[in-house]
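The data blocks that follow each hold one structure.
You will see two complexes here that share chain A, one where it goes with chain B and one where it goes with chain C.
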Partner chain A sequence: MITSKKIVLIGHFGVGKTSLIRRFVENTFSEDYKVTIGVHISKKTIEISDNKTSVSLVIWDLEGQDDIKKTRTSYLLGTHGFIYVFDLSRPETFKNLKSELSFLSENYKNIPVKVVGNKVDLVNKAYLTQHTGTFKPLVEFFVSAKTGSRVESLFSKLARELF
Partner chain B sequence: MLDNYKKKYHKHNFQYILIDDYGNVIESDDTLFFIKRHCKIQNIHPFFEILENLNIIKNECFEFSCIHIEFKTNTFITDITIYSEKSNENLIVIEDLTKHYNNYQLTAQTRNESIINSQVLELKNEYLLEKEAFKNNFIANFSHQLRNPITASIIFSELLIDSDLSSDQKNYINIIKSANRDLKNRIEDVLDLSKIESGKLILVDKVFSLEELLNELIEAYKHLITKKNLEFNYILDPKLPEYLNGDSYRLKQIVGNLLDNAIKFTKKGSINLSVSLNYERANKANIQIAVSDTGIGIHPENHELIFVRFKKFPSVIENNNGIGLGLSIVRYLVLKMNGNINVESEVNGGSKFTCNISFKLTRYNKSLKNKLVEDLKGNLASKQSILLVENAELIQLSVLKIIANEGGFYLNIITNGNDVVPHIINHNVDLILLSNTIEGFSAMDITTSIRNLSKEYRKTPIVVISSEVFKEDLKRFKQAGANAILPKPFDKKSLLEKIYKYVK
Partner chain C sequence: MNQDEKLSIIKDILLTDEREFASSIEKKIKILESTVNERKNLSTKVDPIINKKLQQFIKEIPDTLGPSITEALKEEIKHSKDSVVEALFPILGQMVKRYVQHEMKLLSENINNQINKTFSFKRLFRKAKSRASGIEESDLIIQDQTNAKIEQVIIIEKGSGIVLAKYSKTKMADEDMVAGMLTAIKSFVEDAFKKEEQDLQYIEYDLYHIHLQNFSSFYIAVVVSGVYNIIYKDKLEDQILKFVNEKSVIKNLNNKTKLTTKLEAFFKNDNI
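Moving on, here comes the complex of A and B:
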C-alpha cells in the first residue's frame, strides 16, 4: 500500500505556488497569472530512491494570503509538511518571512517546513547576495517554476523527510 | 402544499453522500456527479484523503469552504461539510457554489493584479532611483578624480608661460592653457549636470559687481574671439546697476556658455554681446543678456532640441566636439533664476540667444570690492610659514612651484593626517593648506582637532583644498572651523589670493 502525505503550499498571492505544483505534477508552465481562490488539490506519487518505496503526495494549493494568520485552519488539518513559497523578485512577499515562519513553528509543531524562493530566473546572484541576511539560514531552496530548476528536488526532499 | 413549492424551487446544488468509517460509499444522491457504490470515496478525489487524517469524533462536523473538485471533465467549486452521525455512518454534504466563487475569483484577480502591479512599479521606481543616484555619484566622483591633474596642468602652464620661452613655445603653452580651460569647463558642466539631477544645485544670494563681472568676461572672451579672427562687439547699457544681489558665478556661467557656443559655431563674421536693463521694479532689476553670432545657425525644428542635454544633430556634430551640455545647463540656470531664454536663428543666418533675468537690487558698498593679490601682498612683514597637508604629488608640486616662484614663504608638506597637530605644536605655522583627499583622514576631523588645541595654536588659519563642491560639503567644512575653501581645480591666482588673505 502506498502511503499518502498531505503537503500544503502557503505564501503570499502571486508568488507562484500553483505554478510550482503544475511544474511538479504536470511538468507544464504558463506565464498567465490566475488567482487561486480556496484550495486546489493535486496528487502525485513519487519514488523515494533511498529506500525504493513510493509515497503519494496530496498537494494542497492554498489561496495566497498577505498574512499567514488569515489562512483557514480547516485547510491545514492533517498536514504532514509545509512548503512556504515567496517571490524572490518581490521583497514584499518575504519581508515578514521570520515572523510567518515563527507562527508556523509555534502552531504546527514538528511539521517540517521547506522555505522556497521562487522565480530565481528573474534575479541575479548579486541580488541574492544582497538579501543574504534575510534568506540565510531560513531559505533552503531557490527554485524556478518557469525553468523547472530545483522543483523536483524540493518535493523529493520533503517527501524523504516525511517518510 | 409547502412540499410542492419546495420541490419546485429547491436548488439542485447539493449532493449528499453516506460513507462508512473506512470511507466506503454506502449511498449517494448523485445530484452533482455519479459515485459508484461501495467504492472508496478517497478514489473519487484526493480531497477526501483528508478523512484518513481526521480523527472523526461522533456528532462532530468539519466544514471546508471553496474546495475545487474535478470530476471527469467538470470542475465544481464547493463547500464541503462532513458530519459524523452515528457508528459507521458519516454524511458528506457537497454544496456546489461554482458560480458564486467564480464571481469572487474575478474580484480577487483584479485586486491581486493591481497590488502586484503597484509593487512591481514601486520596485522599478526604486531601481531607477538607485540607478540615477549611482550615475550621479559616479559622475561626481569621476569629475573629482580629474581635478588634481587639471589643477597641475593649469598651474604648470601658467608657470611655464612666465619663464624664458621662444614665441613658438609661448604659442604652444597658450594652446595647452586653452585646452585646459575647455577641459575644466566640460568637467564643470558634467558636475553641474550631476548636481542638477540630484537636486543639489543651489543658487547663492550674494552681492556682486555686475560691472566687474562683465568686464572680466569681456576681457577673457575678447582674446578668444579675436584669436579666431572674429569681430567682438559688446554693448553695455549705461543704465545697468553696478551692484546686484544674486549668484554671480552662475550668471558668469550663463554668459560664458552662450559666448562659448557662439565661438564654436562661427567661422567668420562677428560675435555680439549686449547687456541691458529691461526695467527696475519692486527693488529688482530685470537684465537682458543677448549673445548673437554670424555662425551656421540652427534649423527652426531644432530650436528646442539644442536645449536638450547630450542632444546633437548633424550640423552640430560636424562643427564641434562638445558634449552637448552647455545650453541645457544655461536654460536650467536661467529658469532656476526665474528668468526666460529664447533663440532666434536660421540656417547659415546666425543665431541670437536672449535671456531675461531678475536680480535683487543692492546699495553700493565699497568693502565689497575684492582686493587684488598685489594689494594683499603689501601686508606681509616677514617670511610666512605655510603647511601643506596633501598626499597627491601633482598638487604638492604645483603648490611648491607657485610658492617658490612667489617668494616670501616657507613651505612644509605633510602627507599623513596624524602628523598635522604635532607639527603645529612644534613649529611655527602661519597658514594651513589642508587637502580633503588625504588617504585615511578626513579634513573635517583634522580641522576640528586643530580648533580644539590650546589658544595659541587653534587660531591658525585653515584653507581647505577641496574637490567637494556641493554646497552642503562646503558648509560642513566651514562649520568644522575652516576659514576658506579653495575648490579644485584652482589656478595660481586663486591660490595666492587665499594665501595672502589669511597669512598674518
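Moving on, here comes the complex of A and C:
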C-alpha cells in the first residue's frame, strides 16, 4: 500500500507556489495569476528509486502571507515536509528569509524544509552572485515553474528525505 | 354750529387715517369670511399647501416612521406568533403544496418512464414484493431512492489529513484529496469559531451528507446519500463507535491495509 505524506508550500503572495505545484502535478504553466484563497490540495504519487517504494505526496498550497506567523497554524499540523518558496526577482520576498526559517525550525522541529528560489528564468547569474550572502547556505534550489527547471528534483529530493 | 358738530369735524380731521385703516381691515375680514365660508374658495387656497406638506410627509415616512413601524411590527409578531402563522399559513401552505405537487408529478413521471423502459430481475423482484406487500411499485422505488446509503468511509488522521484507511462503494473523488480538503475545512471552521472542544460534525454537499465523527487522533468521515435524518445519524454514530471499539481501530492506525480490510468488512453491507 502506498504511503501518503503531507507537503506544505508556504511563502509570500505571488511567489509561484501554485505554479510550482501545477508544474509538478500536471506539468503545465499559466501566466495568469489567480490568488490562492485558503488552501488548495493536490496529489501526486511518485516512485522513490532508492527505496523502490511509492509515495503519495498530498500537497497543501496555502494562501500567500508576507509573514509566516500569520499562517493558520491548524493548516500546518501533521506536516511531513515544508517547501518555503520565494521569488528571486522580488527581494522583499526573501529579505526576512532567516527569521522565517527560524520560526519554522523552532515550531516544527525535525521536519525537513526545502528553501526554494522560484522564477530563476527572470534573473541572471550576476544577480544571483550579488545575493549570495542572503541565499547561502539556506537556499537549496533555484527553480522555474515556467520552464520546469529543477521542479521535479525538488519534490523527489524532499520525498526521499521523508523515508 | 353747536359743540357736538364742531367736535365731529375735529374727529374727522384727526382720525382720517385710523378710519381708512379700520375700513381696510373690515374689507379684509369680509374677504376672509367669504374664503372660509365658501369651500371652493378655501380649497383653492389651502389645497396646494396641504399637498406640499403631504408630499414631504410621504418622502420622510421611511426615515421618520419606518424604524418605529418596523419595531412595532417586530414586537407585534413576537408577541403574537400564532396569529401571524395563522394568517400566513394559508398563503405559504398553498405555495408549498403547489410546488410539492408539481415536483411529485415530475418524479412520478420519471419513475413511470424508468419502469416502462427497463427490464431487469431487480424489477421482477420489486413487482413480486409490491404484490406481496400491497405497496405500489413506484412507492417502492421512491423508498429505494430515499433510503440513506453509505457511499464512502474514510479514516483520517487529525491535523495532517492523511488517509489512514478508506472504503468506497462507488468510485468517488480521490480519497487523499477529499481527506485533505475535509481536514482543511474542519481546521478553518474550528479555528474561526473557536470554542473549547468543539468539532465540525457535518457537511452537506449537493445530494451528499458528510458525517464527521471525531476521536482523539483521528476522525471518520462517512459520505451518505439519501435521507440523512437524526435517527439515521444516531444509528450511524453508534455503528462507528462499535466499529472503533470492536475492530481495535486505535491499535491498527499504523496498518493501512489491515484497517482498510476491517473497514470494508464492517460497512459494505450497509447494516444501519
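Here is the rule we use: the second predicted complex is superposed on the first by the 163 of 163 C-alpha atoms of A that agree within 3 Å, B and C clash if a C-alpha of one lies under 4 Å from a C-alpha of the other, contacts with A are read in each partner's own complex, and residues count from 1 in each chain.
Just so it is clear, contacts are C-beta pairs under 8 Å (C-beta built on N, C-alpha and C of every residue); 3 or more make two chains touch, one makes a residue touch a chain.
Computed from a predicted structure; not experimentally measured.
When both complexes are superposed on chain A, chain B and chain C end up clashing with one another. In the superposition on chain A, contact of A:Y75 is made with both chain B and chain C.
In the superposed model, A:K34 makes contact with chain B only, not with chain C. When both complexes are overlaid on chain A, the residue A:G133 reaches neither chain B nor chain C. With both structures placed on the common chain, the touch criterion links A:M1 to chain C but leaves chain B unconnected. In the superposition on chain A, contact of A:G64 is made with chain B only, not with chain C.
Put simply, chain A uses residues 4, 6, 38-39, 41-43, 58, 72, 74-75, 77-78 to touch chain B in one complex and chain C in the other. Those residues of chain C that touch chain A in the shared complex are 157-163, 174, 176-177, 179-181, 184, 187-188, 190-191, 256-257, 260. If you check the complex, the residues on chain B that touch chain A are 45-47, 49-50, 52-54, 62-68, 77, 101, 104-105, 108-109, 112-113, 115-116, 119-120, 123. Remark: chain A residues 4, 6, 13-14, 33-35, 37-43, 58, 63-64, 72, 74-75, 77-78, 89-92 touch chain B in the complex.
Per the touch definition, chain A reaches chain C in the complex via residues 1, 4-6, 38-39, 41-43, 56, 58, 60, 72, 74-75, 77-80.
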